[in-house]
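Labels run A, B, C and D following the written order; every chain starts at residue 1.
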Amino acid sequence: MGTKLRVAVLGAGRIGRLHIGHLSQRIPGVVVTVVADVIAAAAEKCAADFSIPSVSNDPLRVISDPNVDAVIICSSTDTHADLIIAAAKAKKQIFCEKPIALGLDRIDAALDAVDKAGVKLQIGFNRRFDSNYRRVHDLIREGAIGDLHILKITSRDPSPPPIEYVKVSGGLFLDMMIHDFDMARYLTGSEVEEVYAVGAVRVDPAIGKAGDIDTAAVTLKFANGVIGTIDNSRKAVYGYDQRVEAFGSRGMADTANRRPNEVRIYGGTEVKEDLPLNFFVERYTESYIRELTEFVECVTANRTPPVTGLDGRMPVAIGYAAKRSYEEHRPVALAEIR
Amino acid sequence: MGTKLRVAVLGAGRIGRLHIGHLSQRIPGVVVTVVADVIAAAAEKCAADFSIPSVSNDPLRVISDPNVDAVIICSSTDTHADLIIAAAKAKKQIFCEKPIALGLDRIDAALDAVDKAGVKLQIGFNRRFDSNYRRVHDLIREGAIGDLHILKITSRDPSPPPIEYVKVSGGLFLDMMIHDFDMARYLTGSEVEEVYAVGAVRVDPAIGKAGDIDTAAVTLKFANGVIGTIDNSRKAVYGYDQRVEAFGSRGMADTANRRPNEVRIYGGTEVKEDLPLNFFVERYTESYIRELTEFVECVTANRTPPVTGLDGRMPVAIGYAAKRSYEEHRPVALAEIR
Amino acid sequence: MGTKLRVAVLGAGRIGRLHIGHLSQRIPGVVVTVVADVIAAAAEKCAADFSIPSVSNDPLRVISDPNVDAVIICSSTDTHADLIIAAAKAKKQIFCEKPIALGLDRIDAALDAVDKAGVKLQIGFNRRFDSNYRRVHDLIREGAIGDLHILKITSRDPSPPPIEYVKVSGGLFLDMMIHDFDMARYLTGSEVEEVYAVGAVRVDPAIGKAGDIDTAAVTLKFANGVIGTIDNSRKAVYGYDQRVEAFGSRGMADTANRRPNEVRIYGGTEVKEDLPLNFFVERYTESYIRELTEFVECVTANRTPPVTGLDGRMPVAIGYAAKRSYEEHRPVALAEIR
Amino acid sequence: MGTKLRVAVLGAGRIGRLHIGHLSQRIPGVVVTVVADVIAAAAEKCAADFSIPSVSNDPLRVISDPNVDAVIICSSTDTHADLIIAAAKAKKQIFCEKPIALGLDRIDAALDAVDKAGVKLQIGFNRRFDSNYRRVHDLIREGAIGDLHILKITSRDPSPPPIEYVKVSGGLFLDMMIHDFDMARYLTGSEVEEVYAVGAVRVDPAIGKAGDIDTAAVTLKFANGVIGTIDNSRKAVYGYDQRVEAFGSRGMADTANRRPNEVRIYGGTEVKEDLPLNFFVERYTESYIRELTEFVECVTANRTPPVTGLDGRMPVAIGYAAKRSYEEHRPVALAEIR
């Protein structure tokens, strides 16, 4: 490995492009040497915009490139496991967007390959790197709120994805709430034992026709006794709504949404503020930068990455439990999932 | 009826005394003519402190007094139904503290008596008169947030009641969360169809030994499709925590806790504010005054009171559903309760 | 003196009526035995509304009534000094609305009479009893913000008074900013040494034609080295704006306006809150009650009232200094005033 | 000019280094081709850290380099005017840190040179590019608060600079408050006509011994009738305090400080938040990036820069007026300055 970590970005879609921008301009100690996408034009555009020296339409070939130290997997979900396995075999360090796969068997196969190869794997649960959530996490760990009793997570998108996406997404619990399941594990420091889910189609009947729901509330029981609740909506007209509330024996920590400015406007009929930051690109820019910065640091310093393969597996399992709970209309134990 | 409504207050404990103070000093058009308590000393102290002309240790006898137009029932819960029935037979107007009774059959007997007598009955769900909750209620009714999708209620006490009280309270769902069940019906304008409850003993093992829980989260499904969540704790070290969040198709309305002042203190290590108002007497003073003001107005103007007998019955039924859900570890339909 | 302090209220206008309501219903240990107003109908209406046994159209005669222990002077400003002098001679305890008089010689005559008679005099600077200002005051006294360096006071009315009132008001500095001069002394615990005032007519040209200004900013230098600023406007469309900010060597304390509720409304274009409480009756109800409660307690317990005659005199002197500064366009030392 | 604007950065101290980082990594369309500093080691370190191809210890020689399109002047204040004049003669586009010079004659000489050469000059008043101030500016321009009546600016540093710096800084009015004078002009869209300044040594006696003050309040009268107030302190223990409040005929807009997170912590004795961002690097990062982005865009698109030479001159003139006001203890007209 040279002085800078040489990474290949696999997938030049929205999130791939986002990571390439950060890796090129905001993160020290790393250089993007190649970008690969099965849609060659997407890879070429990224390469041109960010002065990346090499382009490919074959991610697997890129993985075997001896000039690549690590891969950043941003391709479609169904390719993640195969790319992880290939990269592990090629002894590359791996950063992979969530979820590893929609099937737990595929996930396990990928994690096995990583284990056997002894490479590092970090999963892209970027919200763990957000300054609000990290602060709440640290407060809990420091004991600032005592023993955690209740954890409440709110997560609402500004608008639903296209119906075509909904159809292949795996459903709200695996596509959207998966982030919140990760956050729940991150904040409680404990594993989910049981899930109860309710859901509804309230935002758009087309989502229901596609076999999914757009509004949901989930109750979680954790091994350490914490009770958790999560609510999701595919559409909050006021923008991206991302908050947590951690209640414990010695106090509570909560977060508010981030705003584009701190201006208040007092008029003749009301006091107004601008809406919160609209969506994940605006809201989580800093957390995207931090997660890759820490990945680069962990690889360079040979440390375990902060979001492990297990951290990638568990939210998928919880998602399946939630899905089953919703479908069977009863609380479902995590132990029932596989 | 004279120019002022003449009321008898039955029960001179904490809440009775509170109401007497408001009736004597803050509410126009009403006069407390007698206070009755089986503990004569309590009634006498109230009478002396608030210059009430007459005292009794026999609430039933007071009910038959022709100089009494209405009764304010603040005695212990187990006496409510009998006093309502007696008052109805005596054609008195009735304000009764919640709950009407812990048994649904007793409640129904009381409501029947009220119906047959054609008198008015208002139940003491004072939070409906709080300026925060009322504002959210009105915003929902005005359509300011569109169709309601998710309703979240947080309700936490500053410290648990004495264990002796816990033992006879009916349990957290019927003693504490009952207020939140009422709030849920008030805000959604719809009936609960199904309840799922989880609970735990996290605050004090003695509460568990007394057969109760101190921490709970409940999921509600409403007839109009709203999903509701309620969380309760018997102990929030930062004081009384009473908030709602109403999320709908066109926006969200939420509330913050009321504070004793609007001061912020910026020091060398943090920015600080004083804690919220500590408990219900401080927090809900205005709502207590408003509920009795409206009762007096409704009686005087011959209008239906704003919190009816049915409003008193339903939260008890929901409480039983929650209790059964917790005990049987499954969602319980309201239709299962009697 | 009987078990309750017997007070006569002199003046049955808006503020007199307000005090009578509080004295009758909210303040223990006191009874209003008579209300006097040169406009007999006003006194009679108050007496009827609050069940006051006696009425008079001659305040001076009321002062000599042996059944009166204390007088609450709420009549027009030009009568305050004469009534204080008469009440002092009659050995009555005195609460007087601000200002004592518009002439410093008249004020001094009144204070002399009080001194000679050895009676108590409290001036109606009610804002000292507001929970926000009192909290900031106490924080400063406790050293929570260290040595005070800068004090900023904002005071804006929701709308200007009638022009007829403006003409006889003494002008913005003596009619409106006088409250802020009192607040400045209260919070700094120090005397003003120099004043610099700028002002303008921005709200209504009619105010300028009446010889007054409607917008002003004043800089104060205090004996203890604090620098103070005050800004006033006769018209804030968003309601009554009453805030302070105290900056010191160890921190800052500031206040926000009080709101009718703690609701926030998130819509598709903005986040909204209801306007602050509109004017002094809503905002300062509790402080009006507290100031008279403390007056009654001080008289009953023979303690010095919390707002003394000197506290009534100094803001008037500062007002004259501000007026001169504005007219002569230069900083004016307090020592120049008389 | 090539496809990217080629800039030389003159001065490799703290602010030069900051700009180089942004120009290298965050701002499109520009390339730093050379960095110059009379202290060669400083320039060399910057060049190494940011891969800048060329280094110099002679800023004047760099200015004449034909491969340089524009210069970013970040050297010590006493060199600004000479470098501007040299750059103008060499027909380079100029971005210069504030102030242009401490002498108005030097400023005028520099502005004359710029005028004659027809080059662009942008002054580094970065706060105009802050999202809070820009939002308030735009609200005022859009008429959202009606006619502006009162403008209040608060500006406090977390800790004073070293005494050696204080001695050569030009004093608080020219070194610190100059930013606020610029903000006042930016927000009011009007020129200052008169200044009244009070000041004190409250933070550190050594600042007084060095002939300066550390605490000040200034009142401004603007040509358009606005009344302005500014307060400064060299030391706010709670961090960098940067706020404005704009009050007008139709409403008010104010700003709060930016925080590192939106977390609130409710404990047994108080509610807490973390302190605001500590100093200008944290607080104004985005505004530093935007000012240079706009400079690059203006040069590239041949537009007038958003902060002109006159905008650089006027705050210095106001600073002298404030200084004279403080020294002569009287309001000083801007017309008196030169």
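Some notes on this structure:
Following the convention adopted for this analysis, contacts are C-beta pairs under 8 Å (C-beta built on N, C-alpha and C of every residue); 3 or more make two chains touch, one makes a residue touch a chain.
Because the structure is a prediction, the values reported are computed rather than measured.
More inter-chain C-beta contacts link the pair A-D than the other of A-C and A-D. Distance from the centre of subunit C peaks at A, each centre being the average of the chain's Cα atoms. Rounded to a whole number, the gap between the C-alpha centres of subunit A and subunit B is 43 angstrom. Centre-to-centre separation between subunit A and subunit C, using Cα means, comes to 58 Å.
Taking each chain's centre as the mean of its C-alpha atoms, subunit A lies 40 Å from subunit D. Taken residue by residue, subunit B touches two or more other chains at 236-238, 250-252, 266-268, 274, whereas all remaining positions touch fewer.
Subunit A makes touch with subunit D in their complex at residues 25-26, 131-132, 135-136, 139, 144-145, 250-258, 260-268, 274.
Partner subunit D is touched in their complex by these residues of subunit C: 146-147, 149-150, 152, 154, 156, 196, 198-200, 202-203, 215-217, 219, 221, 225, 227, 229, 231, 233, 235-238, 241, 245, 247, 249-252, 329-331. For subunit C in complex with subunit A, the touching residues are 236-238, 266-276.
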